[in-house]
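In this document, chain identifiers A, B, C, D, E and F correspond to the written order of the chains, with residue numbering beginning at 1 in each.
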Amino acid sequence: MKIGAYGEVMLRLTPPEHLQLEQTHTLRMAYTGTGVNLVGNLAHFEMESYLLTALPDNRLGKAALANLKSLGIQTEYIIQQHQHIGTYFAEMGFGARPTEVTYQNRKSSSFSLSSIETYDVKRFIEQVDMVHICGISLSLTEITAQTAITLAKEAHIAGKIVCFDFNFRPSLNQELGKKEQMKQRYEEILPYCTIVFGSTRDLVELMQWKSEVSVTENETAFIQSFLAHYDITWFAGTKRQVFDHEKFLSGYLMTPTDAFELPKQRLEVLDRIGAGDAYAAGIILGFAEGWSLEETVAFAIANARLAHAIQGDVPLTTRKQVKQLLEHPEADLIR
Amino acid sequence: MKIGAYGEVMLRLTPPEHLQLEQTHTLRMAYTGTGVNLVGNLAHFEMESYLLTALPDNRLGKAALANLKSLGIQTEYIIQQHQHIGTYFAEMGFGARPTEVTYQNRKSSSFSLSSIETYDVKRFIEQVDMVHICGISLSLTEITAQTAITLAKEAHIAGKIVCFDFNFRPSLNQELGKKEQMKQRYEEILPYCTIVFGSTRDLVELMQWKSEVSVTENETAFIQSFLAHYDITWFAGTKRQVFDHEKFLSGYLMTPTDAFELPKQRLEVLDRIGAGDAYAAGIILGFAEGWSLEETVAFAIANARLAHAIQGDVPLTTRKQVKQLLEHPEADLIR
Amino acid sequence: MKIGAYGEVMLRLTPPEHLQLEQTHTLRMAYTGTGVNLVGNLAHFEMESYLLTALPDNRLGKAALANLKSLGIQTEYIIQQHQHIGTYFAEMGFGARPTEVTYQNRKSSSFSLSSIETYDVKRFIEQVDMVHICGISLSLTEITAQTAITLAKEAHIAGKIVCFDFNFRPSLNQELGKKEQMKQRYEEILPYCTIVFGSTRDLVELMQWKSEVSVTENETAFIQSFLAHYDITWFAGTKRQVFDHEKFLSGYLMTPTDAFELPKQRLEVLDRIGAGDAYAAGIILGFAEGWSLEETVAFAIANARLAHAIQGDVPLTTRKQVKQLLEHPEADLIR
Amino acid sequence: MKIGAYGEVMLRLTPPEHLQLEQTHTLRMAYTGTGVNLVGNLAHFEMESYLLTALPDNRLGKAALANLKSLGIQTEYIIQQHQHIGTYFAEMGFGARPTEVTYQNRKSSSFSLSSIETYDVKRFIEQVDMVHICGISLSLTEITAQTAITLAKEAHIAGKIVCFDFNFRPSLNQELGKKEQMKQRYEEILPYCTIVFGSTRDLVELMQWKSEVSVTENETAFIQSFLAHYDITWFAGTKRQVFDHEKFLSGYLMTPTDAFELPKQRLEVLDRIGAGDAYAAGIILGFAEGWSLEETVAFAIANARLAHAIQGDVPLTTRKQVKQLLEHPEADLIR
Amino acid sequence: MKIGAYGEVMLRLTPPEHLQLEQTHTLRMAYTGTGVNLVGNLAHFEMESYLLTALPDNRLGKAALANLKSLGIQTEYIIQQHQHIGTYFAEMGFGARPTEVTYQNRKSSSFSLSSIETYDVKRFIEQVDMVHICGISLSLTEITAQTAITLAKEAHIAGKIVCFDFNFRPSLNQELGKKEQMKQRYEEILPYCTIVFGSTRDLVELMQWKSEVSVTENETAFIQSFLAHYDITWFAGTKRQVFDHEKFLSGYLMTPTDAFELPKQRLEVLDRIGAGDAYAAGIILGFAEGWSLEETVAFAIANARLAHAIQGDVPLTTRKQVKQLLEHPEADLIR
Amino acid sequence: MKIGAYGEVMLRLTPPEHLQLEQTHTLRMAYTGTGVNLVGNLAHFEMESYLLTALPDNRLGKAALANLKSLGIQTEYIIQQHQHIGTYFAEMGFGARPTEVTYQNRKSSSFSLSSIETYDVKRFIEQVDMVHICGISLSLTEITAQTAITLAKEAHIAGKIVCFDFNFRPSLNQELGKKEQMKQRYEEILPYCTIVFGSTRDLVELMQWKSEVSVTENETAFIQSFLAHYDITWFAGTKRQVFDHEKFLSGYLMTPTDAFELPKQRLEVLDRIGAGDAYAAGIILGFAEGWSLEETVAFAIANARLAHAIQGDVPLTTRKQVKQLLEHPEADLIR
């Protein structure tokens, strides 16, 4: 199977060695974004992977393109127009100090300003078997929201599998009435989606979902009623927990009639940004290759654990590395 | 004398060791801008120096503020609002390869969005003896243009010396009718200005200046007619020349009735961005301290030559360093 | 309230990535010292903060000054004379390997050679509401000891609050008779002090304090008898513990009649140097703003935990960061 | 037109800031080689560009592949087998000190061990219009020599244009009888070649070419007799000169009946390795697009001058950059 | 006592800050190898320490030599011939992600190609009291295997103490029949050895040792029967364990009639490569200085724990540091 | 011949990429000093080379020792006592901006405090054939002056060749009467010296030398009268010149009856500190190997030109590199 993602490419700038912005004159630079992370990872799993996005028509756009290519992403549907790239600074936390992200200019980026007509959507949909859309597109600008919804609809009509990641960020949707508007957009896109990444909180707080069974009574049944309603085949997500200062990760995968959750595993974190996309990549791979729920979640969680142990957003894991972790979880040196 | 500049603070990101953007994962970070360069340099000359600007109200704004303070700039009139900082990437050239600058998001920066009411302009004008305004403010947004013009007017009314730098960039003013609009803005601001930095080309091409003597007949008289018209006390600028692959720099300083030009000097260039601001800082220092035209230009050109030999935009030269160059031009090691 | 600290500025040189000195040709450079750490942190809390110190009258002194300004410290009482700055190399430890500090030339530094007459002490005392003195000044040279004692006395006479940090380092006081001399100096300075940072061990070993209640019977009463004797308003400190290879931190704050101790909290350590100064900064902020003992210690310990998670000595924490930790102790990513 | 090159991918390791190997613990890493340089540059000129090579089947091979992709090179004919990559260390010279290159393990690299059967040569030849072969393949191992010759032959038979670069390195061919053997291999491959890069010295010393006109009488006629003999369409090369410590570069391009040489131009050198490949890329582009000899050489020399001003072997120039240099040779800042 | 080791010098290249090879353009460079690690550490313990090895006769060999000297190793028996150095890339793992080592060209290195005649073995044996041989020499090439065996034999005959480290790597010995061949080589060298580093697994799997007491019945007796057979004086090794994601290390030391094992201690790991050599160095120091089994193992394990907390392979610990850890195991800051 | 130098080891700290101290948080670290430079270079020429000096008895001293060993210097006469190392910061100049050196704590360094009794001078003198003393020792402290003079005297008595470098720095000798005192010290040491490095200015200004022929009449005869007086065999030095912004270097070598001066050669400068020591090393090598004046100066100047093109003070040149420059002065790439 081939996959194509629609999503923003961001420039990430990170001070080295856990320094804060005011402590350094040096930054590490990388190109990232939910779509980049996902298809970059799937390309490392040897799935043919495309990105549908817009980059600035300047030297920064050129450099971004070079970096996307190095990840193994097919770049032929990427256009270069406008002048800006969304950017974020990540001051890496440690222990009690959380990582702090500062965004710059997402709303005036090439991606945010590029409407659906400027892309070769038709050929893009023909090219791939699966289309991935990140929910952030629904929050970003009117242009990206309409592009995302139209793309989902057309891909669905063309018989392609649409993957959708809720990725709902309250901090991006604080204006008055924005949350209600977002709910409507999510309701509009969901009927076209086959694989959905989300959480119970998304259903309760954003979608205000009600079912016969309440969420406190039977969380699984509650979610499954949602899946049934929207005809969603796979619904997946992770849970993060902290017990006595140790971190743990678990993952679930549900169908309207089945469900699997992997017991939580201990997490050592070098850089947690992008690790959710590693989980999604694992789930999509399992779907594409027809694995069982159990196999799929085990792979996806191992992949996410590795992603937490890799600098930067993009999970650069290979199948060999994931298998190695599943088969030899204690190994700390390979030679 | 005390000086205050109104101008944008930009984040400059530079790949190390002359690398291009696609060759590196590391950037050097600095905070810069015409106003920063000028008052940063004057603070190094021990003039009390203020900046009137707006920085983002986030961690990047905090880091910017810390960096401005380290330059010795008084920051009490700097406000923090909105979320973005203008940014540029400088791929440093070498030999045949020119330095390439890529701008990001100047028009949506905190500076570009902050109107005059949000600053404490009254107290700022009272605080200083000289106000510096960069012509880029006239090109940037309607808001910055009006702020610049109003500030110049009020400072002039309050009896302060207004310094103005043409700094006209054709590349920022390519829309239809923009150049004519710019001409009008320059005409509006010039009557308030005492010290002006510009070039013959600015007068001919942007201002479309005509005088009894044509520019080709007598360039000095041509400029002086302009100075007389606008009641400009000092008009200064530099000329760059290349002979047989060697670079040279000369500088001039004119009054409506007098003129001095220093013979060209050889230039070795480490980083030319910001070097024009070093020349301006030297001129302003000479004005503030009542030096002759000759003394002033000699100091300003020495300062500019040093600025070409310093990494980054901000000329970090001290009086001691400039004097050292004037007195021992051949010295290459001080211990 | 405004605060001013008398203390040494040191140059800290740190090999990157936990390397040892013989493994690297690169060092990270920062300017530090108890006074710098304290007023740098208080400036980040938006308290007006001054430093009374001497820096070399050379390019290193200039660079130090630029760095102090970037921390938000008011530098107008800093003088530049003599030629040397105290320096230390910090080889960062990891796991079983302790951090190793190597000092260079503290006794011949500008600070160590600058007697009280060379500072504008009168105006400094008028400027501030609180004066902070670090006990290391009492050990360093006769000059710094006399300056510290005189400053404490004059500030006390002028009705200012004097904060004093025992900071007694046995390793700096190993000459014969030095400890007895130190005891006398501490006895001389304490009557002028309102806020004191110290430990039971300081009272027992250095001050050889005896009270009706022995320290083993009732540690709090023992300390309070000391506070009563010297008319100390607040006495504060931290306790470090290690259980089964995990590190923990707790903090206490006492008045002559009251006491509060926060239960120990787990500590993850990136760089512990300077973290004690973060605790002191929190206590001083609580005092200045009239907080309860409980509120003060909670804030100070949260601040100290963050400081352990920041590279370098200077705690660069803001009120927002400390509140974030108090309110969302499990958060590891803010965006 | 589409091009494909057969050539070795090498790992280049360079100490930063002109340091020598014994002075540093840090290296800059890049992937390079004549074929990489050439097709990487042509990809930057927007020609579809392929590489036929072998990389190690390990993590280093993966990293190499990612880097080649980032250059815009099509990697589908690259195989991964064996374990080693040819490597070289470049200690960058300055002034009187020459750059020193130390090679490691070229003869046991994946490339050197991979015979023609292991590549999909048939499909590769079908895919492209031009095939580029570097003469170093003839010196490296028996395997690479036979692969190069067979590939040239089959591409020629298939009607493709074969480009061949003499690139004869005496230092690689010092064994007894090796030079005679090399002459035979060159004689074997030349009949298949349409575009050849070489020098008079190659014809005289390696090929021992004799013609009716001697080389000293008429160098052009001498070379043209060689072109006529082997039915070579274009023969091109550069000449380096040093006059009074200044460096100069000129370039020539000949057909059996025509010739053009551009007057020498001054050269400022940041990194000269790979600059010859930039000249070749310019010539090939001119051939592919049907430019005149004059246009082609002007473009190729401008490209080579830029390549001397870029760190690393791979010329990352774009058409826009080359045009900029041709049209504004004195510009040193673009913004 | 003086020691000399026969072993390969390898170049280690490590991406900084836990980055993977495809994420970085920068590498940290060091010279390493079992012999280097061991005698480098013993030189830090002030034992006179020699290395018998071959380095390339080029600039890389020179740089390697400079680095070995900086470790305090005596280099007079090191020869320079051939052109290559064995190299490995270490992508440092974190948490769930293991460190991955990629070797380059060990079999064609100067060391692998240098036969015993090219060394001044006679004088080397006379110079030292102990000779250390690493089992990897037995796997590498026929040349290094024969050199190792002959050296062991001649040193034994000359009455010197031979130390031998099994260091058996199944991954280096996967060809058909290789394991049986290896067994014979180990059987050939063991009779000359006095101190042996190995594990029960080595005896069972490689040596296929059988004794009256089975290994499961009485592991110590099983090993001691092996020691008795080969007349081995000391047999030592470490055991690594992981309990609930925490790592632990213990160490044992046996004579044919006595045995000591230190209870396991918790391990925090910065870089585990080379830490086994630190244990060996501690054992050899104890032997050389006549310490008891208990003292020796305590020192060796403390040394190994420190080595896990040092970047790079070479344990740079001093006696002072090891003693510090033994006496103040909780100290995390020395000043 | 074997050589031993008495001289200070200094720590040099250099901001990277021509940055000034206030622009960077990173420094490059190296160990240097006239003696280090000289014997480090001679060791690279394969002369057995010793250093007689004192390093701090702490971790910095250990690191210094490791670095000296890596240069090939024999360290057995180096003692470790006291706590400080002389340090300097070098802000590298460019073009019009001179390099600025800031010294720290030279007078309280281990070297400055170590009197002759603490060294094993007797064995040191026996060990070597030549002793090198740097004139800075005469300026530094009374202790180093007396050590230098006594060492020269005893080496002379023992029949060893004493080399002495005037290295007179007016900036280190500005106290009242210091220059007269220095003259006396130079007069005291010169009778023991065979090879002297100095300049006409040293003879005229410091030594106030008068001869029958005045210096303006016949500079060579003037110097030779000085050589004759003190029985100096070889007197050598360099001349730096600047013509029209180009730098040039020439060198001279005189005996009481003969003289040779090499015409000036163009100089490209990466780092000029330490380049004078490279010239001295070349002269000493020529003396030790019995070369003619011409051969010696040619080698020494080539060596000095290379040293100007090497980062850092220590000339790391090999004989091969110097010969390469002499034989192929235009070569800029060796592979």
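Assume contacts are C-beta pairs under 8 Å (C-beta built on N, C-alpha and C of every residue); 3 or more make two chains touch, one makes a residue touch a chain.
Owing to the predicted nature of the structure, the values given are computational and were not obtained by experimental measurement.
Considering the contact criterion stated above, the chains in touch with subunit B and with subunit E alike are A, C, D, F. The pair from B-E, B-D or C-F that reproduces the interface of B-F, where over half of the contact pairs by residue number are the same, turns out to be B-D.
Overlaying the C-alpha trace of subunit D on that of subunit E calls for a turn of 180°, given as a multiple of 5.
Set against the Cα centre of subunit B, the chain with the most distant centre is E. A separation of 45 Å divides the Cα centre of subunit A from that of subunit E. Residue positions 17, 20, 22-26, 30, 62, 66-67, 70, 100, 103, 269 of subunit B each touch two or more of the other chains. Viewed as a network of touching protein chains, the structure reduces to a complete graph with every chain in contact with every other. Across the complex, subunit D is touched by residues 62, 66-67, 69-72, 318 of subunit A.
Taken together, the subunit E residues at the contact with subunit D in this complex read 13, 20-22, 24-30, 58-60, 62-63, 66-67, 83-85, 87, 89, 91, 100, 102-105, 107-108. Chain contact summary for the complex, subunit F toward subunit A: residues 23-26. Those residues of subunit E whose C-beta lies close enough to touch subunit C in the complex are 16-17, 30, 70, 266-270, 302, 305-306, 308-312, 316, 321, 324-325, 329-335. The residues of subunit D lying in touch with subunit F in their complex are 17-20, 22-23, 88, 93-101, 103, 169, 171, 242, 245, 247, 269, 272-273.
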